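Here subunit A shows up in two complexes: once beside subunit B, once beside subunit C.
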Partner chain A sequence: MTMQPASTEIASRTAAIIQELKGLEGPLLPILHGIQEEFGHVPQDALPVIAEALNISKAEVHGVVTFYHDYRSHPAGRHVLKLCQAEACQSMGSDAIAAKLKQLLGIGFHETARDGSVTLEPVYCLGLCACAPSAMLDGEVIGRLDDEKLDEIVAEVRS
Partner chain B sequence: MIPRIYIPGDSGALALGAEKVAKAIEKELADRGIEAKIVRNGSRGAYFLEPMVEVATTDKGRVAYGPVKPSDVKSLFDSGFLTGGHHKRWLGAPDKIPFFARQTRLTFARCGVINPLSLDHYKAHGGLKGLQNAVAMAPADIVKRVTESGLRGRGGAGFPTGIKWKTVLDTTADKKYIVCNADEGDSATFADRMIMEGDPFVLIEGMAIAGIATGATKGFVYIRSEYPHAVVMMQKAVEVARKAGLLGVNVLGSPNAFDMEIRVGAGAYVCGEETSLLNSLEGKRGVVRAKPPLPAIQGLFGKPTVINNVISLASVPVIMDKGAAFYKDFGMGRSRGTIPIQIAGNVRYGGLFEAAFGMTLGEIVDDIGGGTATGRPVKAVQVGGPLGAYFPRSLFDTPFDYEAFAAKDGLIGHAGITVFDDTADMLKQARFAMEFCAIESCGKCTPCRIGSTRGVETIDKIARGIEPEKQIELVSDLCNTMKYGSLCALGGFTPYPVMSAINHFREDFKPAPVAEAAE
Partner chain C sequence: MGLVQEIDYGTPASTSEKQVTLTVDGFTVTVPEGTSIMRASMEAGIAIPKLCATDMVDAFGSCRLCLVEIDGRNGTPSSCTTPVAPGMVVHTQTGRLKDIRRGVMELYISDHPLDCLTCAANGDCELQTQAGVVGLRDVRYGYEGDNHVFKKNDGVENFKWMEKDESNPYFTYDPSKCIVCSRCVRACEEVQGTFALTIEGRGFESRVSPGMHQLFIDSECVSCGACVQACPTATLSEKSVIKIGQPEHSVVTTCAYCGVGCSFKAEMRGDELVRMVPYKDGKANRGHSCVKGRFAYGYSTHKERILNPMIREKVTDPWREVSWEEALTHTANEFRRIQYQYGRTSIGGITSSRCTNEETYLVQKLIRQGFRNNNVDTCARVCHSPTGYGLGQTFGTSAGTQDFDSIEKTDVVMIIGANPTDAHPVFASRMKKRLRKGAKLIVLDPRRTDIVRSAHIEAQHHLPLKPGTNVAVVTALAHVIVTEGLFDEAFIRERCDWDEFQDWASFVALPENSPEVVGQLANVDPEEIRGAARLFATGGNGAIYYGLGVTEHSQGSTTVIAIANLAMATGNIGRPGVGVNPLRGQNNVQGSCDMGSFPHELPGYRHISGDAVRDIYESLWGIKLDDEPGLRIPNMLDAAVDGSFKGLYVQGEDILQSDPDTKHVAAGLAAMECVVVHDLFLNETANYAHVFLPGSTFLEKDGTFTNAERRINRVRKVMAPRNGLADWEVTQRLAQAMGLAWNYQHPSEIMDEIAKTTPSFAKVSYDYLDKMGSVQWPCNEQAPEGTPIMHIDGFVRGKGKFIRTEYVATDERTGPRFPLLLTTGRILSQYNVGAQTRRTDNIMWHSEDRLEIHPHDAENRGLRDGDWVRLTSRSGETTLRALITDKVSPGVVYTTFHHPDTQANVITTDFSDWATNCPEYKVTAVQVGASNGPSEWQRDYDEQARNSRRIATLEAAE
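Coming up: the complex of A and B.
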């Protein structure tokens, strides 16, 4: 696990992101994206800073952060593997792929390996439906998953 | 002339190894000391041929090769592929490949053909003519032309685009917005992604036309976060368009101002619903708004807003260029023009197929799609994404038309088609529809929020053989409540996959023997 930055440091780095994006119309989502990119998750200590800067309540910020699947409350593993579980991938056996991957990695969906190497997440459609089953590893797209590609993925996240 | 090699940078092609192919080609060029220009185009949409590499030859025009593996590259050069030489991956002229030859490409005319970020390419292939016509026209005339074209919302609802625009034009306000819904979350759909990655200027042009037509000066494209490549491409294209005067205070030198911003979603499926998307853009939870007020009257930040799907907006330039009658000439009944059908899932020839409305489902699945990838019989086809109905083979004569699908208790939606072979368990699919609704519900209305969870539980009882007939009755009643009592299409349309699975595939809902069937 990476070291958690101190709350004062979070506040100052958050303030810098807000400063840059505050002028946008409807700046909250871009700010939260910026914070997640900065810290790898949206730290609790960032919320009051945002609330203060945008003149909304902390509860409102909390409500928004928790509504969206993308925002993490804790840092993810060094790699993030998203496995598509939507219909087009189901038709090509994504259930079996998921079961196999969970077994190979020793974790379930929404879990991070104990060595912090990888976080496994389901995703509902990557728009790669004509080359199913598909996945995304650290932003890189992978189509037509098969045993060979799964082994490559596992080797990569473990390296 | 320096040879030009086209290697798609489209996500689908990348997922199939296009980057490795590009690297191998670069290396081979360097090793052989050959000078060539590599263009990263979008995809033409035949994913069974991706990565499809093309070479522009002096005598034969473009020659395609695919699907190319990195290990093919050396032998491609040996076969003289830079001059269109024969090779086991040789496909010939792309336009002659049956999958492309049978299409009517209006919206996707340039996708996969041009360099997505070259405005010169865009113009050389007919781009910007629509906007040039629009700046010389009165807003009401632009709206009239779009209305007369018969264009209906390609996001799924099928609402006439021109009527929506007229409402915004007729509403006075100090500020109006154009919002492009690029939150393409439905499984089996990738048309929005393809056009944003392969021909981003057509969307920018369409939005600028919408702005001029309605008096809106600001546009937003809300792209889902699952599409990082599309986000980058759109951002770059907006920069190019701004520098070229396509966006800004004087669009193409006219007195019309229009500029736009790219925004990224945060993984909520429901934000594809227009009012929830508006809330998300405003920085709120993506909960659905009750209508009225219509977004056209009180939309983004309470201002009149045109909210259209990517494909609706990207279809406007060709209408403004070639006229309403030209576009309207394609299609059937009240479904006019062309529709990019996305053939996906367990299918042999998967990809994007743009055609006039009116082909039957059977033609699409069997003739174009070539049946299943596994070679097993087709059992069911889900049309319109996770909220669309499952069609059995007995309904394959249904023509691709908004009304025809509605008459069969289905919907076209965003025109995505998922093919399933005979190993599919339709009870499992019905259960997933309810489960997905439960995961993605915004929570605002009860039928969707609670109904979906109760639906999962009830279907589980059927699976366990607990009074199945009674449970089916209960699920049917629940679906009725969700259909008529939900605020938006998430809760309202989840009954389509559920009820179609029950009605057309009843054998899968019979009490199963204790042991679960092995896959």
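Coming up: the complex of A and C.
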């Protein structure tokens, strides 16, 4: 696991990101993206710094961060695999795909493999219904999942 | 009697003047443009089912219960978010709507516990009511699967279930009952303006979260109670309701804490107070409250409250409980003996700003008619006496010029020496609401108070001036306005004396009053002064709100005059949205001043030397009044030390803790032969008392309080006095014991006497107040409905008077021995000397007074946060713990005075305002150093206090 940076370090790196993006209209989401990019997640210690800088309450920042599933409270694995669980994919067997993947990776949804190789997450529609069942690995979409493609995915994340 | 019912219209009222007519279920209704269909329907008497809507907050449209059908429109829009339109035809109950509502309700109930019978909100639950309204008979979904209701599902831990949060002393948060309507979150944002709550997560995961998934007590929550009031279920419930049960009747009364004067419904079960709920028709608070008024009433039943009269020969003796008869006869005899022995003027009294107008009137009457002298004073001496003087001189009345509603029309708010979010929280919320809508803010304060910058509020200009330089800085603002030609010439020519203005203008224009010179001595950036002045003069309606940071200085009266000059020069007087507004500290400090509590004034601010005024009272009271002013509080204490003043009747004020230079006060009290303290508790002054008369709380008597906007509000008795007599009855009995033929049967008769003798109260009576709700004085033939805004067509004194305001630095200066400046103030959860709030759970937020010190000053002295420090001035020393913060500037330290064991006033000096003797609490030169523990004074004092509070065990019953 990556070491968690100390809270003072988080504060100073957060402050730099805020400084850069504060001038935007509606700066909160871009700042949170910037922080997630910087730390790989949105550390809890960053939230009061954002609240103070934007002159909003800590509760408001917390509300926004928890509303969006893409903002992580903990660092993800080296790879992030998102498996679509929405209606179209379900009708094309994504439940079975999910079960298989969980078994192959030895983790459940919202979990990260012990070796830090991969994080598995459900996602609700990738806009790829025509190619269901679908997934997204590190930002790249993959359509028409089948056993063969699963094996490829597992091999890649384990490599 | 029953509960006072208030209609919830669902959405706030529209202020539009244009009217719109529509039809709701066949009934025609006309409402202002911009009104929601929901509100219009309620106006027509038709209640549309709703859960997420309540009229204290804006429409949200999330619960989908208030849907309606509109002829000619598709779908089923929500009535809370859809505004009315001319000729609109609305149907609130159709087959389709009924089905939708039942379906929505069924989903709500499928994730809500069915423990209605044992639920604290049983009988007061909107979810329960709406389930009944929509005719829910069946929940088809069952409770299997995901829910927030059960700790375990089939024996397996349910991670969606959350434990109750009971961390707040006054209310609980039970997430299992939450329907996520967001009413609490919106109330916290829109009504209170704290933004302490949010909805965390999304979809079925959503829950209310204080702060960042914290406990309420650890979050930014200020415990104002707005969320509890907004909650439609038992999710947020008062602990008192959980403990006692639902109230069965309620009475509208007025809070007895600060000068905002909030109206509350005291909700009762029998004579037991279940809860205090802010009253929407209350014109000062408009349905809002703070942690003190809403929750901190537990002192009235605190075990330390004294319920029996007590006397003792010497203050070193233990107290002896006696009958009312004995206590009052003893007091009367003592006072008469002292007067016989030392002269008519050797006794006096102090009226209370905590008691009602009627009680205050009686105390000054007792002194003038019974003691036959004018030795009456009140605690306003130590707070807002410079306001009375300054505004009297410039405008002609000793009071604020506006009502609180005026803030809604203000464009530029200037706050000087006031900390409204802590000391006047309900008004601060109204102010913050206006600021969030775009009004600009200027703050003059040595500290960076919360209003300077907090969520969604930020002052355009904060002038962190050095304590003691108010006059210089306010005059520098005027300098900019005059020299840059920003004054309102038309207003000045019409309303003020032009020659006086020119004289004043030539004075403020002098180079020594320029921001560049003043900035140097006040440690303020001159550009900030210039910016603030320009903004105030040109930003539209400018209103000045000020507090004790203005008055409690050796030049307090001068600053008040400078403020009045500023308002007149910019034409900011005489209409809504502007004005000069003292934020008064105590519930009835305005009233106690109005009631003739000062040694030189009869009720209505009429000088004692006026023959016509004395005639009125002399003929009514059948005595000859002394035409010379009597002694002020500091004079009484000086005279006591000199041996010519021997007896004092103190109603509801703790002068030992609240007045400056504690040692001098103690010496004065110790030199007297009969000190009578009339109070709820054995306060610090009572340590030097010979007679203790137990007081009654605001819940136990009828009367009126007058708030900072001159509003006369009714106080209504909801329970019998636990001590047996209301305070006005005690004073009356004392007067009778002294031989006066008083015979008031009810406080309304006292008010009738006040109205009969005081022109500005001429039309006030209890019947009239019941009819009007409340009125703002002057209330007489000229202004039968009272006077929300003063000086509309001209100043009360005729022409507004400009007076030069020369800055004279206080004699209290820093030097090598005392290099720091101490200033004092308050905190939200505590009230004044804390006699009441320290005896409630509010102590959880502030269990001790701390010394705020800047990191630089702390580092120089090797102090860490939380260290015990010794605070020394020329007057004395005390110890307390340090709180290191950059809210104070370097060179300035700050503390509160809520706790007697700290005794901040041991430190303060006896310098005072040149005009009114108001003490200079806000500036004391001090030194701070590390300490090992309590000072010698604190140890001696503690010892003396403990000794003095002994009460002898009762002898066997006769």
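One rule holds for everything that comes next: the second predicted complex is superposed on the first by the 159 of 159 C-alpha atoms of A that agree within 3 Å, B and C clash if a C-alpha of one lies under 4 Å from a C-alpha of the other, contacts with A are read in each partner's own complex, and residues count from 1 in each chain.
Just so it is clear, contacts are C-beta pairs under 8 Å (C-beta built on N, C-alpha and C of every residue); 3 or more make two chains touch, one makes a residue touch a chain.
What you see is a predicted model, and the numbers here were worked out from it, not measured in a lab.
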After aligning the two structures on subunit A, examine subunit B and subunit C and state clash or fit.
clash
Counting only touches as set out at the top, which of subunit B and subunit C does A:67 meet: first, second, both, neither?
both
Which partner chains sit in contact with A:128 here, subunit B, subunit C, both or neither? Use first/second/both/neither.
first
Applying the touch criterion given at the start, work out whether A:104 contacts subunit B, subunit C, both or neither, answering first, second, both or neither.
neither
In the superposed arrangement, does A:26 touch subunit B (first), subunit C (second), both or neither?
first
In the overlaid three-chain picture, which partner chain does A:55 touch, first (subunit B) or second (subunit C), both, or neither?
second
Figure out whether A:47 sits in contact with subunit B (first) or subunit C (second), or with both, or with neither.
second
Who touches more of subunit A, subunit B or subunit C?
B
Does subunit B (first) or subunit C (second) touch A:113, or do both, or does neither?
neither
Looking at the overlay, which bit of subunit B runs into subunit C, 59-67, 95-103, 437-445 or 491-499?
437-445
Where subunit B and subunit C land on the same part of subunit A: residues 60, 63, 67, 69
Subunit A contacts subunit B in the complex at 24-30, 32-33, 54, 60, 63-64, 67-71, 82, 86-93, 95-96, 123-132, 134, 136, 139-144
Residue positions on subunit C within touch of subunit A in the complex are 194-202, 209-213, 219-220, 453-458
Over in the complex, which subunit B residues touch subunit A? Could you list them?
11-12, 14-16, 47-48, 50, 184-190, 192-193, 218, 225-229, 261, 263-269, 280-287, 301, 342-347, 350-352, 373, 382, 385-386, 416, 418-421, 424, 429, 432, 436, 439-440, 442, 519
Within the complex, which stretch of subunit A touches subunit C?
44, 47-48, 51, 55-63, 66-67, 69
